[in-house]
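Written below as structure tokens is the structure these notes are about.
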Amino acid sequence: MSHNTFGHLFRVTTWGESHGPAIGCVIDGCPPGIAFSEAELQAFLDKRKPGQSRFVTQRREADAVRVLSGAMPQDDGSFISTGTPISLMIENTDQRSKDYSDIAKRYRPAHADYTYDVKYGIRDYRGGGRSSARETATRVAAGGLARKVVPGMTVRGALVRIGKHPIDRSRWDWDQVDKNPFFAPDPEIVPVWEDYLDEIRKAGSSVGAVIEIVAEGVPAGIGAPIYAKLDQDIASGLMSINAVKGVEIGNGFQSAEITGEENADEMRMGPDGKPVFLSNNAGGILGGISNGEPIVARFAVKPTSSILTERQSIDSDGNEVMVRTKGRHDPCVGIRAVPIGEAMVACAIADHYLRDRGQTGRLD
Amino acid sequence: MSHNTFGHLFRVTTWGESHGPAIGCVIDGCPPGIAFSEAELQAFLDKRKPGQSRFVTQRREADAVRVLSGAMPQDDGSFISTGTPISLMIENTDQRSKDYSDIAKRYRPAHADYTYDVKYGIRDYRGGGRSSARETATRVAAGGLARKVVPGMTVRGALVRIGKHPIDRSRWDWDQVDKNPFFAPDPEIVPVWEDYLDEIRKAGSSVGAVIEIVAEGVPAGIGAPIYAKLDQDIASGLMSINAVKGVEIGNGFQSAEITGEENADEMRMGPDGKPVFLSNNAGGILGGISNGEPIVARFAVKPTSSILTERQSIDSDGNEVMVRTKGRHDPCVGIRAVPIGEAMVACAIADHYLRDRGQTGRLD
Amino acid sequence: MSHNTFGHLFRVTTWGESHGPAIGCVIDGCPPGIAFSEAELQAFLDKRKPGQSRFVTQRREADAVRVLSGAMPQDDGSFISTGTPISLMIENTDQRSKDYSDIAKRYRPAHADYTYDVKYGIRDYRGGGRSSARETATRVAAGGLARKVVPGMTVRGALVRIGKHPIDRSRWDWDQVDKNPFFAPDPEIVPVWEDYLDEIRKAGSSVGAVIEIVAEGVPAGIGAPIYAKLDQDIASGLMSINAVKGVEIGNGFQSAEITGEENADEMRMGPDGKPVFLSNNAGGILGGISNGEPIVARFAVKPTSSILTERQSIDSDGNEVMVRTKGRHDPCVGIRAVPIGEAMVACAIADHYLRDRGQTGRLD
Amino acid sequence: MSHNTFGHLFRVTTWGESHGPAIGCVIDGCPPGIAFSEAELQAFLDKRKPGQSRFVTQRREADAVRVLSGAMPQDDGSFISTGTPISLMIENTDQRSKDYSDIAKRYRPAHADYTYDVKYGIRDYRGGGRSSARETATRVAAGGLARKVVPGMTVRGALVRIGKHPIDRSRWDWDQVDKNPFFAPDPEIVPVWEDYLDEIRKAGSSVGAVIEIVAEGVPAGIGAPIYAKLDQDIASGLMSINAVKGVEIGNGFQSAEITGEENADEMRMGPDGKPVFLSNNAGGILGGISNGEPIVARFAVKPTSSILTERQSIDSDGNEVMVRTKGRHDPCVGIRAVPIGEAMVACAIADHYLRDRGQTGRLD
């Protein structure tokens, strides 16, 4: 059972609501001897942080991560993991006190208000409570550690579609990703998206997006068949992100439209005497196990449910009401999902890596 | 950890290779008092069984399921579950003895041959061993029990695309699904697919497909937020099926292309005083928890990797070789994936149902 | 996998070292709607707190528990659980800065210094790090919530032996337990233990103890056969406490010495038409499932390993050294183990209770 | 959740009742490349088998174990594990058909009849169903594989007490264990136990026992702190055996009676430059982690509940009845518990070994 835990050997348990004193996570199973610093984790958090551009929510949160346990402090302020649980905490600083009597009872369409109430009979309505995207900050912090678990692995993400506007993959350039507020790998899509999102934002509307995550340097042989497939656990991690409605690996849904000849990635021996694949339709995974090629996953994020247009709904007393979400929100929540997707893919791979290597890897 | 186990409270552990004496599964956590029969489970197995039409593999397997434990036999030969582990076994009857010396060393492109060897250093090459689709027979049997765990639930599936040919959703008719060899809900696509697959089959080629699964009668409030989202576990279950490369819930990838206004499912009070949703873009799940609407999931199956055309590959000694897969295979393995997808969705929902209700539901 | 997590449906994950900024735990799976306050949890912590008498360590720690998430604050400062993870934190306030260069390398006999180093290759030597008994403070806080999960359950503990001096069970009086610094149920043993422990303490020595935990009001039918026996999970919880070397249920080791006639608890119908047992040799559990009688568990705690007498040991460089543990320590760590044992038994029973009832119990 | 599964990386799931067609287990997570044979597993099963002497039940069961999956058959009939689930099955051959109408409703004192009925509302009363000791045969088979997972490990057990008659430890001789029907390491206790058990058996009575298990060759560094202590999981495994009421490690309950000076195992450097302990009060485990010394565990088994003397009980309709257990039973079920205890200790250590080394150990 893992209501709020992701992973088995690299286990991330998150806690906290957007309007409590803090949010945080406990990373249990991180191997000992890993050097890291709060600043390194912070760099990933800053990518997800609100208020970075006019295209994301204008809430201001310092999102400063603090290491509470599981690591020996070094003289320079950095840490070395000891193999014991690493507790990370981020204090909530922007909890505007306001009157919640309105949304306490009204179910916002496409939000989890109604389903939380049905399930639990009680719900922390302040700022979305546990269903707030704020929870994902702790995932990004945990992902910062996961990246260090697999030697030589890099995990990068990019936005490949906003609404009706996909990128042109022939222009893919990783160097562009950090040079625009969208994590776009295609520089020519940037002005298109700017205009489009300005329009969406001014209309108080929102729109969906597709994100692509690529993990390179993952050795072949990671994963397991049947119910612990590496792609299954990557999909599980990505589907656990708020607002995600679809996940695909490699060719994904496109695989349904092609033939076996088109799909099969042929193999040859590389110049260094190692097997190479001549294509990567599989997205780096065969039979649930990595084949040494880059692991490629994409996920679709639905449009933010918080919109200014009034929508029909009900309240918890069964009255029919109209609901309109005021306040600061993301016109395209998919943008900030890029570092979150990276984190989940990193965590899933780290977890599988440790299954084969063991937590300490000190035996044999 | 669950290499070969799916679920937490309704736990299905599968075992067996295609060329051993038998395959089977153990269902741990099935509530007591559930009446079932081997014939009922067999009906689901028969949907998945090879040799049903010229569009699926011509292997002949009786696939007769046998109940070995966990249930009290009744006078009429049926069973009542006792709450203890239910062991189901299917004997392998069609293990043609043949010479495997060829494929024992050659890695078939797009198969898991290479990755199994890298991971384990040893591999049961006979008939694909554990990576054979034969393993899915046991899932279908387990799904037959899962369906009975949630009172009033029905889980149905249909094929909605083969290769370039999608169905016309406006013609969707569940009654058609069992009247053609494709589980097609659109009668007019049937001749199109017949011609297309005949061509594929004669060319020794293969093609992918998309399957849609719909679960009705699932009460609102099933699931959990964060890392135990119902859609996450459905996606995990579907991604665990061989050859699946993508999963989506409700609007899925289409969500990325629309606005918040288009996406939000509005709510009203129904004539019976219960909340109703005016649309189902969410696919029955909000914040990881069921909202009472039908749960809708789709998954993409890649083309069967076993094709007659020669492809470049390597063998386990590092020699470059050409590989061609002889023998009986499915031109579109997606067809037989329909009952398997139903089973995985049923198992995921049953598992979540028991989280809220408990295994026995006898307290309080 | 659960390196630092106890339980499956009522999951307690603890984190923190004695000399970091804080320790804490995350309780995942606590049912919604449970009313509690920090003061209630604090009351249990205060029982475990150092410095309460001259018979326990003289460290001074406020051990003030703080609720960070998972509960709606009420107007009176109390909380109601929402079903989401409850994060509890206790700041470390008594971290005397001192020179650890000595113990950083020397392995204290009977401590985990050596085994941590062998396993992890790195160890937080400050105050025992993760192996410090300080971790148990978070268990006691979690136990305070677990007690509320099972309606009508009470869990109490008492010290029944210190060294060679057992209590006289015929004088058992629960009312005495809170009236002496030993949690002794036998008032006449108190002066004996006082004299004995004064002697031990002055000699810089230490001594072991046996604790008995009794849970009353647990309904029949809680638990499960085979590998999820209620007694198995209680034993597992008690064995997870530092320094515990033995656990027994009901008659325990005494069962080995008696006959089937002496051991079998006979049954009759009680005046209220409910089954009653005429004795409780089983300690309230048959076949891993509660029978409605009080659940009785005992555990043995070894003497504190920190003693003033020099002992032979080695250091991490392989040098033979003499080790003597200076500083504040418990002459009988078993005393403070009483509330910890209560907490673990409460957690184990709560976990099993939820297996049968579900987390929310809102279905059916 | 693990109703019927023991272990996390070396996972044993057992199934089957004494009066169904078969019992069995699935071992998931066994590393690849382990050579074994049915004959090797059978040797352990034969130690547990009924009918070996007049001191155990006279039921006759072939208990022939069969390997159904997870291993490549070799030319000599032996197997090599492939890393996939190993399914072992034992057919039930001695199911005498008889009239169960009597015991179907009557609760046998000290059996799990009553608690199963309360929990599940239904119970397989034939031969004890799932609560039958027959389930333990599958554990012994699984233990046979677990022994091979840790290179150089040996796990042996011995009976150290029957009723009031303990062995004399000064006469301990492992070579004696297989030379008498009691697994007694003390040859001089054998005639005492023979006379005593003959008396018990003739009186239709039963008596308890204590078993000691010793695992040698376990490397230091196996286990984990807090909730995954090696001793905790050994205790959990032993407590999961039917009729076990107490478990202790090393000095166990005796630890409660001694001082810190007496208890601490001192360390020196051995002649081979490796650390050695001068005593083993800890039973080979410090802080939940192995220290390289022999791991020593003991467990107490209550007297068989099946006795010929009439006892007061009730039936499932609430009638007060007298119950007497006819038929074949063990006068001291503790004897046959020796190989079962060995199996559980082997499984617990194998599981922890793989946590540190990984399932395949092929990385790094």
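The letters A, B, C and D name the chains in turn, as written, and every chain counts its residues from 1.
The rule we apply is simple: a residue touches a chain if its C-beta (ideal position, glycine included) is under 8 Å from a C-beta of that chain, and two chains touch if they have at least 3 such contacts.
This is a predicted model, so every value here is computed, not measured.
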{"item": "Angle, in degrees to the nearest 5, of the Cα rotation that carries chain B onto chain C", "value": "180"}
{"item": "Per Cα centroids, the chain farthest from chain D", "value": "A"}
{"item": "Mean-CA-position distance for chain C and chain B (Å)", "value": "45"}
{"item": "Centre-to-centre distance between chain D and chain B (centres being mean Cα positions), rounded to whole Å", "value": "38"}
{"item": "Cα-centroid distance, chain C relative to chain D, in whole angstrom", "value": "27"}
{"item": "Multi-chain contact residues (two or more partners), chain C", "value": "1, 3-5, 8-9, 14, 84, 119, 130, 221-222, 224-225, 355-356, 359-360, 362"}
{"item": "Touching residues on chain D, where the partner in the complex is chain A", "value": "1, 9, 84, 219, 221-222, 224-225, 353-364"}
{"item": "Of all residues in chain B, those that touch chain A in their complex", "value": "1-6, 8-9, 14, 107, 109-112, 114-116, 118-119, 130-131, 135, 161-164, 200, 205-210, 220-229, 231-233, 235-236, 239-240, 242, 245-269, 273, 275, 278, 281-283, 285-292, 300-307, 309, 311-314, 318-320, 334, 355-356"}
{"item": "Chain C-touching residues of chain A, taken from the complex the two chains share", "value": "1, 3-5, 8-9, 11, 13-17, 20-24, 26, 28-29, 32-33, 66, 68-70, 72, 80, 82-87, 119-124, 129-130, 359-360, 362"}
